[in-house]
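One chain, chain A, appears in both complexes that follow, with chain B as partner in the first and chain C in the second.
Up next, the complex of A and B:
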């Protein structure tokens, strides 16, 4: 097992190197001049010779190879570089924003777990009744709703006394207080809730007919123990797969949610960085995101072994 | 177990509510909550190049003079008075005594309180004159001072035109008279001992302004508190300013409605009239200094040798329909010339009013009756303006003339880099003047072909150069008038609109007066909050 983990971790290095190269080429090929973004309005006010001097100094006139080697060298030294635009190191930007994005992802995951799995179990247990149809209809709506629209509706109904009840603040981070977390977590978790509900239902139904469940029932185990201890436990593999895959989705969905709810996460940094061609920030955040995704996949694989002793890695 | 968990969760929620109370809420003087978007890139005054940065730094730093938001004229700040020699070359500033730098956490001055003195200003001025953009993007602040070129080139140890006569008197000598010297003198009052460590203070400014820096959580909020030692009696009257980052205009509106914001600057697209109707008593507007235009490439492509076609297009565009009706009054339709109407010389000899018949005549005169022979034209637009209704209106107006207009949308970075190229003949653009003076438009857009239209008329260049050194206000205005008339005749733009500063302001807020440059120019030291009106 330890060897397996080590081997997977070693694989991370060439994967990240490949991702870095592709990202670097894409960033290099993006049209436009980052200096416009660095200097803003001042660009049109400064004389052309000053602009040229600045371009030289930032290394923007260097060739592709020179810039690639320089970036790679920095990266190997553990230095993600410094933003062209913000007076901040990229590592500083990630260190500040990642915990906030993670907080939102955990909130969304929490919502999805406490709602999605029970809904799926109930729907499976009440298969083909009106309850099942109703819950699956609701989850279909949940899967289909665009995040920005859901966010807007949630804000209208739950923060505005004019349209609903002003239960929560409209937006803001405020040191990540719980009350500020509720709405963005609900919004970011809705799609995953709906997906989980549907997957849980299918998985539970699949397991229900298995011999070991019939045996468990026949030997007189209480209903709840069969349902949770046997049926759900054996249905967990597809559920965990979906959760693992959707963590990346949560990271992506967080861009819209962070914007609508003024949440200072990674998504809020990457969009302006792309718009303004802030290459170090783009590369840093995307590399970090890729690393995260690889690690989450690894953890997902390891959890398989935990929940299902039949799976062994060597 | 379950009960214990429930109790824990309840406790967490209560704690979070306590944390959620804004920091300034318990202070006696209320804090002004201002929406902000985008976030400032940093807070270093020497490399400040965006409105987002100026929004905050305008409240934290002060220069020798400031600009009055209403009149736009220089007013005393760190200098309480100044004299100008008769030849307009020597400025003598008399500094205020007893002005203290902000007492900010993390900054220890050797003698406790640290007074602003002439040497501080001169050190900051010299610091700003460099070609190293990472140090300063504003060498132009002192461009007109004697010794500037030598100092910039590294041939002199000090800027010879700057002299501290004593701790409270600064003398500045100019190379030639410059009527705008005081308007563009952006050097901030900053303790000279922190200049070598500017990168440390790039995000935690220390100045002398009415508000001092407290905390900045990027993309969340930025908090300033009133400077208790500020030299103006009774100011600021509010406890501080909390800039709240709200990237989404709709969210900002919802926050304003729920009293989470005291001011609102941008309205969601398409909801402008509804918002104004809902908050009729809280709505304010004032003319701004931005000009929106469609630019023609003047030295390449189809339009370069077709003045009559350019004039025809300018007559064909129905600005009033766009801005008064379709865009719900978001800007003033450009019914005058190339300058915002508040500027001197803003009415040119010829005005391109909406006149489709005249447009058709001009096209025929140019040899293109009913648009025959004119190639399909691509209009380049930056993505954030893609839904501006001036585009379909212009498209339709030109179609009536027999001209096909294609709209090409590019993301802002690509667009800005592209429009200077020769393959772009026609583009949507805009310019924001910082001061209410024609030079701040003409010098950057029509002098020596510097702008993306590459408009370069030697006669205009000469007039603009003369105006720069002319101290007589009347003569200067005449020079700008002549230049304006020539530019208008050449028609390098279709002027579309002049900006309008619009904002909502809660009934308890008073004294918020933005200048033409935009709402960010308002001096928040003058703002008061009537606590009896707070909900």
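Up next, the complex of A and C:
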């Protein structure tokens, strides 16, 4: 097992490096004149020497290689650079905003787990009945729904009395306020809920015919005990994998969800950063997001290997 | 994936290659038609395509010309789905919007599938360091959050149709490579491939004539699901105001504009979103149904 972990860790390094390179090239290609984006009309009135001075100070005049090596060096020391526009380090911005995004992701995950898995189990148990068909239809609808639209519908029906009832606040964030979390969590978790329901159903059906389930039943174990203790437990492997693969989706979904609900997380930070051409912030958030995704995948793989020893030897 | 022909009518008579192909296709169609979900998907997708193609004929009004006297009219006999803040008919705009969404869906997924097929074939066939290299690159693109990549992309390159096609294609290819490679690995050592090699067939011939047709089923499924994903991504981009900037209405843009009238004109953001969902649902149904039809074991279990 130790060897397997080591091998996986070593494999991650070139991937991380590649991601860094791809993202850096993208950021480099970005029409990176933050000055123009921020100053707008004023930009033209500034004397060229001043502009040149600021460009020099921000390192915008260095060659690609210089900037690449410099940034890589910074990164290895854990420094993500400084925002061109906000007087803040990128790592500070991430440290402030990531916990809020994480809070939403956990909310969405919670929704998906408490709804998706039971729906999948019920559908598998009632295979080919109208209940099964209905649940699977609903989950395909859930997968097909644009997140932003779902967010608007939720706002329309549950936050105002014109077309619905005013149960929840329309948008915004308040420290420790659960009620502000309800709608964004539901919205961000819908897609994963639907995916989990479908995967759980398939996995449960796959396990159902196995000998050890039949044996467990034949031993006279209570139905529910076999269902949860034997069947679900063995169906967990694909479920865990899908959860791991979809955490990246939650991160992506946070851009839209945070924008609609005005939630001060990472996703809400990236759109304005792009409008202002604030390259360090964009690059920092993208790098952070991708690294996070890789780490989560790695953890998923390790858990996978832990529950299924056959993997380790392949 | 594709099983050898097992003719049920007359098992004794030898089967020619021609017959094998036909019976395979017929069996597929039979399975497909029986699958109500797949048929529903095909109907939805076809209706959307027809709506897009015949938009100029069906649309009751011009999608761009404003009518200031008929602003924000609720759905009714005059405007079936209501009108927008400039008095334009929502239904007409949705019909024209279908053109953009469907074209983007097909072209971008075409790009993704082509990259996937070529890289997957190469990685699976040659193996070794070529395989390693391709798969590591695939991992990299797989790990970059797609939506963020898209947003950055449209900032660098203007959100013109071509750049959107490319960007959407670029974020959707990694899963195609993995699937294609897996398919190649599963048939590469089968007898028919070995015999083609023994007969001296060239590598491209083996790859495209012998391996690809036998691996195409799952790729079609993936493509259908992929079109759904691409249409969704494009709508998100438009919703954030970063989509294609042309006068022709895009569905995502309509939801975005309609957002401001949430408390006064519900139809404005509800209908465009509904149409996006229906289209995506259609492609998902189709993909799901194809998967069932291609894997008979999934039905009989």
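List of remarks:
We take it that the second predicted complex is superposed on the first by the 280 of 314 C-alpha atoms of A that agree within 3 Å, B and C clash if a C-alpha of one lies under 4 Å from a C-alpha of the other, contacts with A are read in each partner's own complex, and residues count from 1 in each chain.
Methods note: a residue touches a chain if its C-beta (ideal position, glycine included) is under 8 Å from a C-beta of that chain, and two chains touch if they have at least 3 such contacts.
Keep in mind the model is a prediction, meaning the values are calculated, not measured.
In the superposition on chain A, contact is made by A:156 with both chain B and chain C. After overlaying the two complexes on the shared chain, residue contacts for A:70 are found with neither chain B nor chain C. Within the superposed three-chain model, A:262 lies in touch with chain B and out of touch with chain C [touch as defined at top].
In the superposition on chain A, A:210 makes contact with neither chain B nor chain C.
Touch criterion met: A:85 reaches chain B, while chain C stays clear of it. Judged by the touch definition given at the top, the superposed model places A:45 against chain B, while chain C stays out of reach. Once the two complexes are overlaid on the shared chain, A:293 sits against chain C while remaining clear of chain B.
When chain A is checked against chain B and against chain C, the one touching more of its residues turns out to be B.
Once the two complexes are overlaid on chain A, the chain A residues touched by chain B in the first and by chain C in the second are 30-31, 152, 155-156, 160, 162, 259, 277.
Every residue of chain A that touches chain B in the complex is listed here, in rising order: 30-34, 36-46, 48, 50, 53-54, 57-58, 85-88, 96-97, 152, 155-156, 159-162, 166, 169-175, 177-180, 259-265, 268-269, 272, 275-277. Only residues 12-13, 16-17, 19-20, 38, 41-42, 44, 47, 49-51, 131-134, 137-140, 199, 202-203, 217-221, 244-248, 250-251, 254-255, 257-258, 260, 411-418, 431-432, 444, 450-451 of chain B touch chain A when the two sit together in their complex.
Residues 136-137, 139-141, 143-149, 151-153, 155-156, 228, 232, 235-236, 239-240, 252, 255-256, 259, 262-264, 266, 269-270, 273-274, 276-277, 280-281, 284-285, 288, 301 of chain C are the ones that touch chain A when the two sit in their complex.
The part of chain A that touches chain C in the complex is made up of residues 14-15, 18-19, 22-23, 26-27, 29-31, 140-141, 143-149, 152-153, 155-156, 160, 162-163, 205, 209, 248, 251-252, 255-256, 259, 270-271, 274, 277, 282, 285-286, 289-290, 293-294, 297.
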